Structure formats: C-alpha cells, structure tokens
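Going in written order, the chains are labelled A, B and C, and every chain counts its residues from 1.
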Amino acid sequence: MQFTAKEINFLLNGTLKGNPDVKVNQLAKIEEAQEGALSFLANLKYEAFLYTTNASVVIVNEDLVIDKPVKATLIKVKDAYSSFSILLEKYNSLKQDKKGIEQYSFIHPKAKIGKDVYIGAFAYISAGAIIGDNTKIYPQCFIGDDVKIGTDSVIQSGAKIYHDCVIGNKVNIHANTVIGSDGFGFAPQPDGSYVKVSQIGNVIIEDNVEIGANTCIDRATMGSTLIKEGVKLDNLIQIAHNAEIGKNTVIASQTGISGSAKIGESNIIGGQVGIVGHVTLAKGTQIQAKSGINKSIEEENKKFGGAPAQTYQNYMRSQVIIQRLPDMERKIDELQKLVNKLQENLSK
Amino acid sequence: MQFTAKEINFLLNGTLKGNPDVKVNQLAKIEEAQEGALSFLANLKYEAFLYTTNASVVIVNEDLVIDKPVKATLIKVKDAYSSFSILLEKYNSLKQDKKGIEQYSFIHPKAKIGKDVYIGAFAYISAGAIIGDNTKIYPQCFIGDDVKIGTDSVIQSGAKIYHDCVIGNKVNIHANTVIGSDGFGFAPQPDGSYVKVSQIGNVIIEDNVEIGANTCIDRATMGSTLIKEGVKLDNLIQIAHNAEIGKNTVIASQTGISGSAKIGESNIIGGQVGIVGHVTLAKGTQIQAKSGINKSIEEENKKFGGAPAQTYQNYMRSQVIIQRLPDMERKIDELQKLVNKLQENLSK
Amino acid sequence: MQFTAKEINFLLNGTLKGNPDVKVNQLAKIEEAQEGALSFLANLKYEAFLYTTNASVVIVNEDLVIDKPVKATLIKVKDAYSSFSILLEKYNSLKQDKKGIEQYSFIHPKAKIGKDVYIGAFAYISAGAIIGDNTKIYPQCFIGDDVKIGTDSVIQSGAKIYHDCVIGNKVNIHANTVIGSDGFGFAPQPDGSYVKVSQIGNVIIEDNVEIGANTCIDRATMGSTLIKEGVKLDNLIQIAHNAEIGKNTVIASQTGISGSAKIGESNIIGGQVGIVGHVTLAKGTQIQAKSGINKSIEEENKKFGGAPAQTYQNYMRSQVIIQRLPDMERKIDELQKLVNKLQENLSK
C-alpha cells in the first residue's frame, strides 16, 4: 500500500510542510528509516535524527522548534506519538481487511454466519456454530459444534475451538491456539490404570480478550473455564479446567494455571510461573517470572516471587543471602575455631 | 439433545419418583442447576441442595432418606456418582458420534481406511497410512506416510503425526499436538555451525494413552520414542527423542522429558518439571511441580522436589530454612559480636 | 523402499563381502536389527554383535579384523559411521522427496511459486508470497501476505507464517510452529484496561535455521525479530518481539526469550530457561537448563546456572550448601550454646 504525504496529513488533520506528493509505503523508526518510509518524532532524545533521517515523511509535534534544514516532508500535529499510533492501527486494519468466504471452506448448513464475516479457505465451521458480524476466521481454523463467537473478533490461522465454547466480541486469538480441549481429569483404578473423567463443561471468553499463539485453555469438567473481560494472555500458556482469570489480568508466556485456580482482577503474572490448583489470588497481585504459587493470596496489590513464592521483599533478600551462603559457611567455621580456642584457653 | 426422566431411568435401570415426562437437555451441579438440567447427589454434604435445587431431574442413592418435599423428579440408583458418570460418557459419545468421510479431505489411494471411521474435512491421510475401525480423524489433521493408527482412537483437529509413527487402540490425541517431529540432534562442526543428524526412528504410542493439546513427542534418532499403555500426558509437554514413558504414568502440563530418559511405570510427575537426558526413574516415583531431575532415581515409590531435586522431606526442610536465612545471618552476626567480646575480656 | 547390498555398496564405493543380492528395507542398530535391516559397526564396543546380528547387511570399517563367521553381507568402507550417516541422509531425502502442487490447495494468483516446489493439500499461500525453488510447504500450512521463503526450505504441516515475514534458504520449520504472531504489547489505561499496541514489524529467519514443533516467534513491534544464520531452536520455545538470536546459537525446548533480548553468537541455552527483556548475552555464553537470566552477560564463553543465575561454579557451590543448610543451622545453635556457656563461666 502506498500513500502520499497529503493523504496522511488529511487523515491526521495536521499541517504539512514540504512536498505533499512524496509517497510512503512503509513505517519505520526515525533512526532506521529509508526513502519511502513514514516515521515520527515524539521523544526529544531522538531530535538529532530529524536532520539526518532518510524517511520521506516525519510526523512531529506542532510545538517542535526546528532549527536546521530537514529533508523530509513534515506533518505537524498536536501529539506525534498518538497520531502515529492511529496510523498504525489504520494501516493494520487496512492490511488485514479480509472479507468474504473463500473456497474451499466447510460451513455446516446449520451454522449461522453474520454480516461482513471473513472465513478463510480450509476453515471448518461445525453445526450450530454462530459467527458474529465482522468477525474473521482465518484459514484452517476449526470451530466446533454450537460454538458462539461474537462480533469483531479475529481467530487466526489454525486456532481450534472445541464444541460449546463461547467467545465474546473483539477477541483476538492467535494461530494454533486451542480452546476447549478436555480438562486433565482421570480417576485412578485399583489396577494402577486410570479412567477418563468426561469433561462436559466449556470455556467462556469475554469481550476484549487477546490470546497468543499455541496457548491451551481446557474446558471445565462441569460449568465453565472463564476468561474475563480485557484479559491478555501471551503465547504457550496453559489454563487448566475450571480456572478463572479475572478482568484485565495480564499473563506472560509459558505460565501454567492449574485446575480451579481463581486469578483475581488486574493481576500481572510473569512468564514461566506455575500456580497450583484451587487457590485464589487477590486483586492487583503481581507475580515475578518463574515463581511457583502454592497457596492463596488474600491481601490485595502485593508482589510475590520465588518457588515456592514469598513476598517480593523476602524473596529478594533470600536471593541475596543465597549468593552469600559460601561466605556464611566460612564465617561459621571461623567462629567455631575461635570458640574452640576460647574454650581451650579457659580450660587451661 | 433432550431426554425425558423416563428415558434416563430406563438407561440407568433405576426407580423413578416424580414426573416421568419432564425433559432435560443439560447436565449441571446440583447447587447451580436450572430448570431443564439433570443433576446428581452423591456426597451428603450437598444434601440441603436437594430440597432447593431447580434441577428437573436428580439422580440419588437408593438408600438416601428423604425427609422434606423435593420439587425435582428423582431417579434412585445404587450408586448415584457412578450412574452419573455413565450418563456423562454416553452423552459425550452421542455428542461426538461423528462418522463418514467429509468433503474435501485428502486420502491417498494407497491409504487403508477401516470401518465406521470419521475423517473430517481438510484432513490429510498419506500413502501407506492405516486407520483402524471406529477411529475418528478430525478436520485438518495430518497423518504422514505409513502411519498406523489402531481402532477406537480419536485424533482431534489439527494434530500432526509424522511418517512411520504407530498409534494404538483407544488413544486420544488433542488438538494441534505433534507426534514424530525430528529429534533435536545436531553435530557441532569446527567452524561453529551444526550439521543435522538425520532422525530416522519413529514414535510408538500404545493403547489407552491420552495426550493433551499442543504437546510434542519427537521421533527417535533410531529405534522408537515409546509411550506405554495407559499413559496420560497433559498439554504443552515436550518428550524428546528416544525417551520412554512407563505404563500408567501421568505427566502434568508444560513438563519436559529430555532425550533417552526412561520414566518408570506409574510415575506421577507435576507440571513444569524438567528431566535431563539419559536418566532412569524407578517405578512409582513422584515428582513435585517445577522440579528439575538431573540424575537417576533407583528406589521405587519415592517423592522428590526442587531443582536440582532432593527427597521431598529434604526439599520441604530446605525451603523452610531458606525462608529463615535472614534470621540465620543475624544470629551469626550476634554470635560473632559475643565471641569478640569474650575474647576481649579474656585478653584483658 | 528396498535396496540390494550391491546397490548400497555402489553408492558407498566400498568392498562387498557376502551375498550381493540380499535385500534391505530398513535401518536398525546392530544389536536390534532383524532380517531385511541394514546396520553398521563403528564402535568396537559393539563388535560382539557383528557375529550374532540378524541384520542382512552391515557396514564396517575396512581395517576391522574379523575372526569369526559372519552371517550378514558386509560392506567395507573407510569410515563406517560417516558412510552410514550419508545413507541416512539419502534415505531421508528419498523418503521425503515430495513435489508438485496437490489439490485442493489455495494459491493466491498474486503469489509466486518457484521451480520443483511441493505444496501440500490444504496449504494456503497468500497474495504477494514468494516461495523459492525446491522448497516444500506441507499440508495445512499458512503462508501470509507478502511472506518470502527462500530455496530448499521445508515448512512442515500446520506451521503458520504471518504476513511480511522473511524465511531464508535451507530452513526447516516443524509442525504447528507459529512465526510472526503479534508481539505482546499493551498500553495500560487509567481505567485498568489495556489498549493493544499495533505490531507492524516482522520476523526474519536467516539461512540454515532449524525450528522445532509448536514454537512461537513473535513479530517485532517495529523492525524485525531476528533469527540469525545456523540457529537451532527446539520445540515449544517462545521468542518475543524484537528479540535477536545470534548465529549458530542452540536453544533447547520450552525456553522463553523476552522482548528485545539479544542472544549472542554460538550460545548454548538449556531447556526451560527464562531470559528477561532487553538484556544482551555475550558470544559463547552457556546457560544451564531451568535458569533465569535477569541481567546482561558481558564476558564471553562463560557458563551460568540458577534462577536468578550466577556463574556456574557459584551456582554449583550454592546448590551444595543449600543441601547442607539443616547442618549449618544445627551448627549455629550448638555454637550459641557453647558461647553462652563460656559467657556464664566467665561471669562467675
């Protein structure tokens, strides 16, 4: 896609200085930009690059004082960073503005497809599934029986959603993520084998949730595994059966949440964290990457680290002391020698 | 699907009390059930809900003493929990009773397909593959050259099984799991680069195995990576080349088993555990979540924790002491002061 | 596939001893080989098996002294191990020598497909994509808009490559791996919700890279996430936005590299390691499995372990001391008693 400086200025409602007809076809950082690139300057730390950049168009704050010649066409706006973000979004939505139903896809006659939906080739929409308006189902996705997906959602290529799951509006699910696979439930038998416990619940994902690639969210044994509004999950995360993730909680990559755990609202959980089953985490809890949480956290807005986790302060202190352990051991040995000597002296 | 109380009673061979024509179309916990739901009461802790539940039908033990009026239709059976489990299974197998070959799927003319098989649209069955009777291959699965799959197995959507792998009977493989990708073997070269070591073995999965979603089991360099009968693997697990997982072993999510490790029979391994290559774990070993196992375990039926792992008792003790480290350090400092003082006094 | 001893001998330019017409159709270890198998003897530790093996053909070193009768046909070569490796590779490339475009695949009219390319059924090639000569795209892969893939690369079944990513020559990507999903970037809002930061960069993968199954490499926010020449990544790895992995670096399964981290050349990183964002690792760094790296490593060729990581020597020492902590604690208590006693004696 190619745009002129004039078109971009019109979009941002700014003031143009320079050649209005110069064309750009990519976005780049001001320090790396080549001819044909659109860039922006928001942080004055980078001001020097304005005079050396090869970008064809640069968006700047209208109050910027420019005291040397600039090669690029400038677009002056109130807030260069916000304006650039707006462009990013427009660019992305233009780029990914797919519509229509591609051949060959599989749409069961009993599925209901909304308006302006995209269904990529080799996607599979099962009986009873409902796909809301403006939602995009990329190629090779699997949408199981009776799945409901809201409006304006994007299900990227290869994502699999098992039967009966419910996905809200404006939800993004990245490639090859699996929603609604069976919870890991098996009953031990006297002969050492296990019998599968049927998993007949589902997964409910509320509005404005984003889920990364290759992540797994298991269906509930009964009831629902619940991902609440505004949750952001990274790649390769495990959410076990009947877990609940509170509103606006953010979880980084490769973390695992065990069965029936209830994560509170606005938690921030680092990568590679493990949380055992059936615990509850209070609102605003923060968990350091790689930690292991083995009990509930009741006080709100606290930070934890370590495996098993301690309060963040204790964790940091213990970490420092662990590094001093060789010193500590030496100190004890010296003390022992001293004390032995004292004793000898005394017993003389 | 909708059933009457009478139909369910007939299926369970119970005794019906109440309206035999009431209809149910979902399963629910007794404390959450709404009209139209079928529920059960097995644990007397929940007895009070029997008198308040909105469930239309409740399965109860025949020896239950009912001393207040009950709105729901009751089905009395010997063991309410078992009866409910039987219903769950029937419900699930009815729900997922897919059969036939959907268009468009790819079935190589040299593949052999058994009786009553389901092959979903966009599934790919390669030359020489054999699919046993009653097995279900969901949409978008890939079954490589000469793969053998037994009877009554279910391969969920998007699972990929590389050439020459062998899958037993009654095996469940969840969505987007990969079986038989190349083992991670590279020979270092003098110039710092690596040359790939061809991985020409396969993966063998025995009967009654269940494997979660997005899990990876690599093929052997030569010979077989072996998953024995009755093993249950959760989501996002890594099993490296030439590993062996013993009969009826259970492994939780995000655990990694390195190359040529031999896990014994009836092990229970928690989530996010790492096990190094070439070790052997005795029968009945239990590993705490997040542990790291870096040597063989020879004694049977022991429990381990930590990274590197210790016996469970030592691990728990060390954890407690680590939390006391700041105290310990303070104690040593005080001792030192005392000893210094003693010394001073003595040298006077 | 079936070959005679004579054909194999011709290929290896060796000397044949025994029946030249015996046929083999599989490769096996000498101690496990059955009739019809081709095997090799390189390590004299296994010499005894030469006289008992059921292999039909065995490749041996030409200087091997054979002092008992051998049933198998022998092929004598300079270096049996190298010759066998050559055969492995030939066998594998013959086995996987797929070509042509299968029905039904989706190839956008604006995609460019090179010579001798394989495109499996249900693969999806988007507008503007370029697929180089001899490259194989297995069934159910997704190749996004304007993706470039070089020559002689293999993209296994179900791998998904988002728009604008660039893949080099001789790159292997295993099944269900995701390249170019959105980086995990969200701007917190005053009301506790998050707004997505558009991720408009891409992923660049240079030549001779191998990437395992179910691995995720996120696209850059701007610019590129970069995987340099010769890198080998195992299964289930997370590479976050704007990270860089140096030439010939090897990373084991389930490791996570956070955003903007720069991993140096020729690093060796174990499994389940976590590396925080924005750090730099020097050339030749080695990281023990399960470690957590929370700061940059500047000195080259050093080994680290633990979470948070220390030098390998300190880590090993601390681990030993941690196991001695109960002893240490006891020692301190005894010292305290001794000192108290001394003090008492003195104050008498």
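FYI, a residue touches a chain if its C-beta (ideal position, glycine included) is under 8 Å from a C-beta of that chain, and two chains touch if they have at least 3 such contacts.
Because the structure is predicted, anything quoted here is derived from the model rather than measured.
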### Task
Have a look at which chains touch which and call the overall pattern line, ring, star, complete or other.
complete
### Query
Any idea if chain A and chain B meet via the same residues, over half in common, or different ones?
different
### Summary
Matching the CA atoms of chain A with those of chain C requires turning by an angle in degrees, to the nearest 5, of 120
### Task
Please report how many Å separate the Cα centroid of chain A from that of chain B, as a whole number.
25
### Query
Using the touch rule from the top of the page, what residues of chain B touch 2 or more other chains?
104, 122, 140, 158, 176, 214, 236, 254, 272, 322, 328, 332, 335, 339, 342, 346
### Query
Quick one: in the complex, what on chain A touches chain B?
104, 106, 122, 124, 140, 142, 145, 158, 160, 162-163, 176, 178, 181-182, 184, 186, 192-194, 196-198, 200, 214-216, 218, 222-223, 236, 238, 240, 254, 256, 258, 272, 274, 276, 292, 307-308, 310, 314, 317-318, 321-322, 324, 328, 331-332, 335, 338-339, 342, 345-346
### Query
Which positions of chain A touch chain C when the two form their complex?
27-29, 32, 85, 88-89, 91-92, 95-96, 102, 104, 120-122, 138-140, 156-158, 172, 174-176, 208, 210, 212-214, 230, 232, 234-236, 247-248, 250, 252-254, 265-266, 271-272, 289-290, 319, 322-323, 325-326, 328-329, 332, 335-336, 339, 342-343, 346
